[in-house]
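Here's a structure for you.
We just call them A, B, C and D in the order they show up, numbering each chain from 1.
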Amino acid sequence: MKRDVLSALARLALALFLLMPLIPLAIWSVAHGWRFPALLPSELSLAAWSYALSPVSGVVGSLGLTFFIAAVTSVIATALAYPAGRALGRLRFPGRSVVLVLVLAPAVLPAIAVALGLQGLFLRMGWTGTIWGVVLAHLIPALPYPTLVLTAVFARFDPHHEDQARCLGARPLQVLLHVTLPAVLPGLRTGAVLAFLISWSQYLLTLSIGGGKVQTLPLLLFTFATSGRNDLTGAVAMIYVLPALAFMALLLRQRSKTAPLPNRTDR
Amino acid sequence: MLRILAVVLLVAAPAEAQTTDDTLLSGTWDQIVAEAEGGTVNWFMWGGSDQINRYVSDHVAKRLLADYGITLNRIGVADAVEVVNMVLAEKEAGIDTGGAVDLIWINGENFRSMRQADLAFCGYTGVLPNNVLVNWENPAIANDFGVPVDGCEVPWNTVQFGFAHDSATLPEPPRSMAELLVWIKANPGRFTYPAPPDFTGSAFVRHVFIHAAGGPENLLGPFDQSKYDEVAAKTWTILNEIEPFLWREGRTYPTTLVQMNELFANGEVAFTFNYDPSQFGLAVDAGIFPPDTRSFGLSDGTLGNTNYTLIPFNATNKAAAMVLQNLLLSPEEQLEKAKPEVWGAAPAIDILRTSAEVQAAFAALPKHPSVVAASELAAFALPELQADWLTAIEAGWRAEIGR
Amino acid sequence: MKVPLQLSGLRLTYPGSATPTLDGLDLSVGAGSLTALLGPSGTGKTTLLKLIAGLLHPDAGDIRLGDRSLLPLPPERRKVVLVFQAALLFPHLTVAQNIGFGLRMQGLPTDVIARHTDAMLDRLHLTGLGARRPDALSGGQTQRVALARALILEPDLLLLDEPLSSLDPGLREAMRALIRSLQRELGVTTLVVTHDQAEAVALADSIALMQGGRIVQHATPEVIFARPATLAVARFFGGENVLPGQARGGVFESAIGRLPLPAGTADGPGSLTLRPEAVTLGPGADARAARVMECRFLGTQTRVELDLGGTRLVALVAPHLAGGLAVGQSVGVTLPPSALWFLRENPEAPPAVPE
Amino acid sequence: MRPYLMLAPLLFVLCGLFGAALGLTLMRSFRYLPAVGLTEPDLSAYTAILTAPGFLESVALSVWIAVGSALLSAALALATALALRQAFVGRGILTGLIQVGLAVPHVVGAVGILYLFSQSGAFARMAFQAGLIDGPGAFPALTNDPYAVGIMLLYVWKEMPFITLILLASLQRIGPDHEAAARSLGATPWQAFAHVLLPMLMPSLLAATALVFAFAFGAYEVPLLLGAHAPEAVAVLAWRSHTDVDLAARPEAMAMAVVIAVIAGGMLVALAQLLGKAGWGGR
């Protein structure tokens, strides 16, 4: 009995721990004057929200831009990862382990190690300050995730399914659409979501390549977070987090229908 | 590998485009306005204040579009040094035209950096019609932290260092540096300052430095090593003496002004300070600072400076940026941003050169109770030290105090 | 439509492999017949099916179905369906969708597909399972869906790769009967790969035995059992009795004496094979005396090892006939001349043939 | 040929961007850049940073942050994953909450940690209301503190769920049979865990922990928000040098980036070996 209560408490603590940092942000977003030692704001106000949602702040546009960049990055990364993951997962060839290490490298080497050189490179190419430049930069840390997930997925995929479909009269494109893609779809989706999230929360690469002109939400948030406007920071943080949470919730529901848990390369 | 990269980089250098700088420097204002029409100005500025953002994006941008057909693109950054670095990186990469930045809100060390690296577009300020409102005779306008402006930037606001305290808990604050130092020792843990190179923390240390020197007179020229060594030794003694009485016994310092504002807002420390006292009013209105916040200037001298807007040498749209600078300098805009509910920023133009109505409007501006009057501060004005002194003092602080 | 299959001179060597997997393989399968492709594992049976299905391409040779060569055609246009050993149902599709897959690939209207699919479900005793997911099926159901998915396309040639190997013995029997009856009914030319000779015998009209990249014998099961083309074939089909000796004048001379050979056998050294089940025990006109070495009850038969004048001989007899036998006992053995088959080939480790 | 063709697009992008960026960083750290007339590579940037006061302290701080965050996250994740393996009411919700952390950007989480753990944050306020402290200053310094507690709190919060998810996937693959077998051979529950389950989990646990180490070691924005004024995390130092208007500091920034990359790369090599041992990605 006592053990049950204890473990229930532990689970409750875990749930609180997981949600914890989001709570003060949510409260701050509607607070006006919330100084020590008040446990709750003395006055509530929607001023921060109305500023954050007004065109002046640029938050909404920034949200769209951040989403666009993350979506494009995710699509490109997944498209590049698909054949690569298939080759790495299914085929044995000389240099395979070298390629695996190379693929893993951008996930392990910190953004700072890439950002400095990349800025110099992109400046010369005239790609700094452009959305496409930022997308290209985001591809670097995003690529490992779909590639590794698809490598694992293809390692488990039996290509005889494709042969079988050919035998049943499917053309190569039909095999891809009706057999291979559905079979690897959970992995494809997981990889795409991970790539999306990597781009979605990228700060340093956006700062160095976007040069301030490509104002994604993390940059905007950082500006407010370093200006002492906790109410604005809270509102922008909420606007930043809610779509991602909704997206994750959606994914979770989808996933519970197919595979219960992500592959171990998930991040 | 290295060789291939080098070749790629050489090949990839962007093509040159012809410059129109001559037209901007010698043409008439009407020509410039005509050229600017339909353009876009990318104005990079610190973006952490919703009031200032709102003023620029809402008010200024609308006027610029309505009156001149120019689109204003405000780009908020966390620190102006990022922008300086961008322009520098562009120059290094050989991007001499078509740069990303058209205008920067800037002053002090960042201006010195841009001058040193030859990153500023210069010599055009006389072309702006509203330039006549600027009193270039005033050394505090003509010099940006001791570095001559030389027609490379246009003043926007003047500011003077102010201290804030909560009059509800501390009705009678110390009002001079000497009194403050005594007060700190009598009230352990109630005072701190942001660690230089934070802009404001650095300014506080300069106040101590000037106090240790017995006044600014000997420090106003170019950097003097022997003078520095003498005063610095006294300064570090003072700061080391008060250190055990600081917040967290001086073992650590806030890294930014924002952190110190937070400490003040939550009553951890009794003071905060700002190079722009209008910020106190904005913070009270935003609910950050206690409502009874009041501010003052040190009676034995308080540093003042001017902040400016600057066009980088490689700006894409210099003409439009100049039109914007001229608009910002206009009496109407200087008055608009001086309103406490808008911003409360002190004008950079000489009000006496404006019309009687504008002068009356300035005089009739309501005063925010939390913001010390500019006239009160002006009575204790100290000129800023040259940027070389700043650098030396910051480096000295990091070596002697902030290890 | 009943179409014959003709394989000629097929060669295939996998990249990096020293020995060819297929080494000039010839085979013709009659229109509408069911042929079992039999051979030890690793002889390239599955490879051959993939070649026919178009999933692999031969280095040389031709594959003709009816009057056309299949080689230039991609898999989906060959009208050949290969059903893999692991049923390979598409896990994301329902049973009905799996069965209708091929028709959907052809772009047939949904209602047509549904009609055909329903018919197939009934035909393969899968009625009511159409909405299930493949992972909710039993092993037998899975195989039947795989078969239905192939048959719905009415292929000219059906290739089955070990269709029964994943089933329990009881299910195998039923599935074998189902395949047999469907094949007869539809008349589709069928090639079934198996490594189990009993299965091949029970299922097929004819058996093609594959060894060393070629077909070594293609004949009816009866012929293969009674008259194997080689010793290896004989051994593969459980031919344990191999007597070395010499054919001379229609008579085989060996260690156990003279045995009559079928008419027309040329003279020369060779071996005589004799199916164990053809050996009869007990007194008889032509009986020879032998001693019982070992006696083991195998369920439906009893295996009796005999010593016939120093030569080992195995007999498989009905248990009731072997009831009274004891080890060491003497017993009469009859070797019926019709069951004797002469091969001009010596066993690998021949005891010296007495001249 | 075929695998290389399939890998070509990915490798083209990886080498063209990532490789070129690293190459350029390396070249500049050696002061070698013919495009701007530097043709004599030297090591001066490296000697400069290694002799500069504070650099080694920064490296030490970053290692401390990375090791602390990785180990704490791993330990908590192991406990969480084992707890989540059992069925209980709300398990789905808890598993969902674990994924929440994945979707929250570091910057947001860092601000949240600041609002919770600073001396005037939520916990300090609760302590004050409970009469435990008499003012903000009496609350322990957990953010912007010299021991980087706040930074580690953030990483534990952000990375613990990541490792947990990886472990849950591993646990699911392993299944309960091995433990059951161990128990039937006379192992106590603890022995079954320590001698059977843990060794089987080890490859994925180590791989995930190494990833967390490498990330925490080189991250920039979190230490900027939550770090103390000195010493700074080495990534912050590198970016500061890079944005220094003094161009002479550029090669030093590049050299710091190379040092970061080498240390994180060491983790990559270790990780690759671990993955190799685990037969990762194999058929």
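A few remarks follow.
The rule is simple: contacts are C-beta pairs under 8 Å (C-beta built on N, C-alpha and C of every residue); 3 or more make two chains touch, one makes a residue touch a chain.
Computed from a prediction, not measured in an experiment: that's the story for all the values here.
The set of chains touching chain A and also touching chain C is empty. Chain centres defined as mean CA positions place A nearest to the mean of all protein CA atoms.
Note on interfaces B-D and A-B: more C-beta pairs are in contact across A-B. Of all chains, the one whose Cα centroid sits at the greatest distance from that of chain C is B.
If you average the Cα atoms of chain A and of chain B, the two centres end up 37 Å apart. Averaging Cα coordinates per chain places chain C and chain D 61 Å apart. Chain centres here are Cα means. That of chain B falls 92 Å from that of chain C. Each of the following residues of chain D touches two or more other chains: 20, 23-24, 26, 35, 120, 136, 242.
Residue positions of chain C in touch with at least two other chains are not found. Multi-chain contact residues of chain A (touching two or more other chains) are listed as 35-36, 120-121, 124, 222, 226, 230. Across the whole structure, chains are in contact as follows: A-B, A-C, A-D, B-D. On the side of chain A, the complex with chain D involves touching residues 7-8, 10-11, 14-15, 17-25, 28, 35-39, 80-81, 83-84, 86-91, 93, 96-97, 99-118, 120-121, 124, 136-137, 139-140, 143, 147-148, 151-152, 155, 197, 200-201, 203-204, 218, 221-222, 225-226, 230, 233, 237, 240-241, 244-245, 247-249, 252, 256, 260-267. Against chain C, the residues of chain A that register as touching in their complex are 158, 160-161, 163-172, 174, 178-179, 182-183, 185. Per the touch definition, chain D reaches chain A in the complex via residues 2-7, 9-11, 13-15, 17-18, 20-26, 28, 35, 80, 83, 88, 90, 92-94, 96-113, 115-116, 120-122, 124-126, 128-129, 136, 154, 157, 161-162, 165-166, 168-170, 172, 204, 207-208, 210-211, 214-215, 217-221, 225, 235, 238-239, 242, 253-254, 257-258, 260-261, 264-265, 267-269, 271-272, 275-276, 280-283.
Looking at the complex, you find that chain C touches chain A at residues 50, 53-55, 74-77, 80-84, 86, 88, 90-93, 101-102, 104-106, 149-150, 153, 159.
Those residues of chain B lying in contact with chain A across their complex are 9, 12-14, 42, 44, 46-50, 53-54, 57-58, 74-78, 82-83, 86, 89-90, 92-95, 100, 256-258, 261-262, 265-268, 283, 286-288, 290.
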